[in-house]
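So, here's a batch of structures to check.
The following pair of complexes shares a single chain, chain A, combined with chain B in the former and chain C in the latter.
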Partner chain A sequence: MSQTFILDGKTISFADGQTIMQAATQAGVFIPHLCYHPDFKPHGSCKLCTVKVNGRQTASCTMRAIAGMVVESDTPEINAERLALTQMLFVEGNHFCPSCEQSGNCQLQATAYHLGMMSPHFDHFFPNRAVDASHPDVLLDFNRCILCSLCVRASRDVDGKNVFALSGRGIKTHLIVNAKSGQLADTNFTLDDKAAHVCPVGVILKKRRGFAVPIGERTYDKQPISATAKAVAEER
Partner chain B sequence: MTYQLETAQHPEKLRRVAIDPVSRVEGHGKVTILLDEQNKVHQVRLHIVEFRGFEKFIQGRPYWEVPVMVQRLCGICPVSHHLAASKALDVIVGAKKLTPAAEKLRRLMHYGQMLQSHALHFFHLCSPDLLFGFDSDVTKRNIVGVAAAHPEIAKRGVLLRRFGQEVIRVTAGKRVHGTGAVPGGMNKSLTIAERDELLKDIYHIVAWSRDAVRLIQKVHIQDPGLYNSFGIFRSNFMSIVGHNGDLDFYHGTLRARDDNGKLIFDGVDYQEYDRYIEEEVKSWSYMKFPYFKSLGKEHGWYKVGPLARVQNCNQISTPFAEHERKEFVDYAGGTPMHAPLAYHWTRMIEMLHAAEVIKELLHDDDLLSDNLMVEGERKMEGVGVIEAPRGTLFHHYRVDENDLITMANLIVSTTNNNQAMNEAVRHVAKRYLHGREVTEGLLNHIEVAIRAFDPCLSCATHALGKMPLAVELVDPEGQVIHSLSRS
Partner chain C sequence: MALNDMHAEGVAGIVDRVVAHYRRDSNNMLQILREVQEACDWIPPEAIDRLQAVLGVPRTKIEGVAGFYSFLYTQPRGKYRILFSDNVTDNMQGNRALMERLCSSLWVEPGKVSEDGLLSIDKTSCTGMCDQGPAMLVNNRAITRLTAARIDEIAELVRNKVPLGEWPADFFQVEDNIRKADIMLDSRLQPGDALRAAHARVPSDGLMSSNMRSWREGLPSGIGGPAAMLDEIKRANLRGRGGAGFITGLKWEACRNAPLKAGQQRFVVCNADEGEPGTFKDRVLLTSYADLVFEGMTAAAYAIGARRGFLYLRGEYRYLLEPLMAVLERRRKEKILGTDILGIPGADFDIEIHLGAGAYICGEESALIESLEGKRGTPRNRPPFPVTNGYLDQPTIVNNVETFAAAALIALNGGEWYASVGTRHSAGTKILSVSGDCERPGLYEYPFGVSIRQVLADCGAQDVQAVQVSGPSGICLSPAEFERTIGFEDIPTAGAFTIFNNSRDMFEVARNYVHFFQHESCGFCTPCRVGTSLLKNLMDKLHNGCGSPYDFAEIEKLNQLLQSMSHCGLGHTACNPVLDTIAKFRPAYERRLAQKDFVPAFDLDQALAAARQMTGRDDPGAHIIKEEFGEDA
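Right after this comes the complex of A and B.
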């Protein structure tokens, strides 16, 4: 770990092959992200982790750290772009935090708080998306999908089941279930699957346990999302 | 007589006066009055102008989301909707009897809400009318005016409400729109620190509530000519009553009486409410008109809320409130009191009872227990009923085998009082406006009658203090001939 780069004026050590995101997180520096998960190969699609490297924009979850590089992340300009991206995610789906059981545990909501989002700013799309309640143990609420593909990667790469996929292109991209009927009940998905536990928002939910955790004890009641990187650093 | 004032024979020939919006009530509504050239009243209607649609858009949602979602109907008494929905879903998850801790925590939450809502209504919304007079200086007829003239009363009003909100916060996680109740129980108990914090204040909360009863009793008794007759109409009344006929806001069976106090039905399991109550739709209001099926539309309407509850129960379980109930019953002379302004008196008796119950509960160690959840045989349908601050509240749901809501029917407290409020404003219009030039003070008489019921017109929005009020007199050709406004 003798190599270093500069992130917002701070010297960050890294090992060969590490991305900017991995090195920053290890050092306790938070870079906002939604589609990145340390257990999976980076996807680089949500673009929230965009940073400037030597003046050029790149996704920090996919960009490998290089000795001596100068990285900007926590700047008003980049955070304004992150905020706009987050607002677009909110209006693309139906994110009704007041009645969502993931409120307080949701990375999208926590990221919005972190970025100081006060309103969605853009016009809501209000898409008409049905829920899939066919599975006995799991509810799928597609209204909240942000297309991070974490469930796709988890089901394919860890569970070996390929239960989920992203279908369509561009603005029409949407999450589907790989079954002839399109219903989760007609797959071999179970609650033990890794894919059942990686959703950063409120799409894949264990049934009949909503709101079991009281306000004050939910993940982001205890600490803001920016503290997650510090927790990783402290664990080391 | 006043029932006939619902629809004029020839409205096209009449002038229209509108009170829009009605101020110092929860939610938004308006009153329209049709007058002829001699200012004689021909038609009076209280219109509810908001459309919410909750019953429709929760269809297709998972049932466990419902108690948190439907409470967004209201910012004043969300706990009522939260608990009524939870009670209905208790039935669906087979939780026939909650754990003692869960039931007591829910009661604590609910009685905290009753305390804060009643305090808000009496001190913030109605005390200006009661302390200064219905047609007193409009610039002072508000809570700021009360704070200037009677600072101790205003301060107590604020602190009583604050205490009730704190009770809600420690049981539901937030003062407004928390998550405490879940189908089958609760998601949190009290910590010792939370309980002790409330115990510090509860004794003077009880004392202040006793003083509030005395205050309204004095105001009422000093002017019986006004308070016993203003907007008076006779009607049936209904509430749930608890064990042994006790006043109970959280759970019990349905009891209804006629205007003389004779039982219409009693001991009715509210799971079967739809065998006893039906709702009528009228084209001029978004609010339905419920009535007792056995008596029909014309004679089966009824009132709910404090005036109904305090006179419907056999007794109140807490000593100070029971003493006050007896005083009220004695004053009424052994027959049901129907005067709308008596709602204020009974509302304060209920606030005192809520404070006393909170005190009792805070001394019960079950509140600290973690034994909070039960479940049993899954059902497809459930009804939850609770006595909300404004009256009996029904939540009825059906759930499919995949756990999604397929049907919802809500009869909210103010809906139960719809016909009663219309009757009251018709009486007041007939008594005070008939044949006289309309003034702001006279129009406030109409609002005073509505406020007595503490209506939550949308069960959601909150209009406090000096709401903008515009009244226009329009001749049959649509020309404005006289207007009054305040902003």
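Right after this comes the complex of A and C.
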């Protein structure tokens, strides 16, 4: 860990092959993100983790750290763009936080708080998306999908099942499940799957558990999402 | 039930045949799906069942690919699938009225399948027939020069269920329209000559290329020849003709020097996914100069040490597949393709043709490679770049059709000869695809450095308001800029040159381009997926008369976000047409800002349209009078 780069004026150490995101998180510096998860190959699609490297914008979850690079992340300009992206995700789907079981545990919601989002700003798309309640243990509410593909990666790379995939293109991109019927009940998905536990929003929900933890006592009710990086740093 | 079983068996038979043809290799998924659809008219669930079984790939993968490409259908779309090209030039030539005419004649709503399931009519992105539009595709076969009379004939043929093969041949006539030829379009290369010249060339004293590697690793014969070929490309100062203008010699050298792991090889890929609206020069090169292109690919293979190549042909040019296959077959017979090329033992290189299926994004080289691998055409994260990690993670060069054609000329005549044409930083010639408001649309080949004014004079353009160079992702020029020149020093271009006279509304031009990018966004990254849709909605809002200065400011903000946050060039350039037309044709926008204060895009009266249609009413009582909107007392 002898190599370093500069992130918002702070010196960050990194090991060979580490991305900016990995090195920053280890150092306790939070960079907002939604499609990135430390257990999976980075995807680089949500673009929330975009930083400026030597003046050029790039996704910090896919960009490898290079010794001596100068990275800007927590600047008003970049945070304003991150806020706009977050608002885009809110209007693209149907996100009704007050009635969502994931409220308080939702990374999209927590990120919105972190970035100071006060309104969705853009016109809502109000897409018509069906809910899949076919599975005995799990409910799929596609209204909240932000296409991060974490469940796709978890099911493919960890569970070896390929239960989830993205289909469609552009604004019609959507999550599909591995069954001719299109129903989760007709797949080999179970609650033990890694894919059942990676959704950053409220698409993949365990049934019969509604509001087991009261609102106000949930993950991001207790501490902001930015504290997650500090927790990683303290564990080390 | 029995009928269903027979259907399933029939479909399974088709799938088995196609899968066998593609060596049961799921990397050919896109080609397999395309051919299954050609046989079945769509991709029925039974076909996916069978593919899943015989290829052993998950259903999600098959459906993910099938759902990505505009020309693949997982719902029935009829026996006749009619798609009107909807480039801005088609608009100018009256395609909308023709589409309405066909729709009403055949009793079908745009975008829907007819009640009897016989046909569907929809729009598609530019089909590359701008010099002979308006154009359409029927089951991926191009029909040009549409007129009201031709539309009526088509309606009759469809109504009588005449098979496409029996439609009048002149419907499908596609002209080259070469108006001005220079070193490339005038070349009379005899197949094999460029390869023989390349092979005969020995490295010069001042060898520029770093390592010595023969056609095939360790092959004793011809050592030095490939390096000499690479030297000529570098000497020629050839730069990519796809628009980005990367130095070809550097790309080839990086690929040639990329280390190979066990079992790996190098690949040559020709990008013939000519999707930029307004561009059609690759279509002509592949129609009448295919040998030049294939020869250039073979010379590239010789230079970098590749044994396999691909031509990725856009689905809109499906009609070129058989003629191109025939050229490849002839070249194999002439020993200038295949094994032991020119009789040199071990000099092996062959070319496969892969077809796209209606996805502009596949013109981006890493998306193209994903598509070649039978996947969704999503641009990859880079680095690593294709020269080291390309097709199946192996070193790959991807070059434009015109780049390979130029490489063949360089192989034959040498780099110095080529560099003597054009300007200091832009060697050689550029083929422009000229269309829009001019007397003689078609192909114009110029040495680099030609002025916009010269091109306009040559093609007979009068009363010109603007020229869009390089398509929607390029630059929009106003008359004050017509002394500017084509070249990497000034205006780089992939070749589209679309002319608008003073009768055209530049706001509507930009709006067409914004719709194009929205339709073609791959959906991978948030800014482009959502941003292009928001931008489209705002442009439509202005078009509908609900625009205010607030919306104008929003458009500018979105453009900045797209430019800075998008994953690939599509998102980065999606705002170009809007930014350019705002800067240069601002009155066209200001006319649209009818409202002083913010007005919602949602139109209450329009929302009642469905109810009016259902009840057959159109009286004043079925309308909401909207005079209160935006009218301050």
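One rule holds in what follows: the second predicted complex is superposed on the first by the 236 of 236 C-alpha atoms of A that agree within 3 Å, B and C clash if a C-alpha of one lies under 4 Å from a C-alpha of the other, contacts with A are read in each partner's own complex, and residues count from 1 in each chain.
The criterion applied here is as follows: a residue touches a chain if its C-beta (ideal position, glycine included) is under 8 Å from a C-beta of that chain, and two chains touch if they have at least 3 such contacts.
Please read all numbers here as calculations on a predicted model, not as lab measurements.
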Give the label of whichever partner, chain B or chain C, reaches more residues of chain A. C
Could you look at A:S99 and tell me whether it touches chain B, chain C, both or neither (first, second, both, neither)? first
With both complexes superposed on chain A, which partner does A:P214 reach: first (chain B), second (chain C), both or neither? first
Between chain B (first) and chain C (second), which, if any, makes contact with A:M88: first, second, both or neither? second
Within the complex, which stretch of chain B touches chain A? 60-62, 64-65, 67-69, 72, 93, 172-174, 177-180, 182-183, 187-188, 402-404
Partner chain B, residues of chain A touching it in the complex: 98-101, 130-131, 133-134, 139, 207-217
Report the residues of chain A in contact with chain C in the complex, numbered from low to high. 42, 44-48, 50, 57, 59, 62, 81, 84-85, 88-89, 91-92, 122-123, 125, 146-147, 162-173, 176-180
Enumerate the contact residues on chain C facing chain A in the complex. 45, 48-49, 58-61, 63-64, 66-70, 359, 376, 381, 518-527, 529-534, 537, 557, 561, 564-567, 601
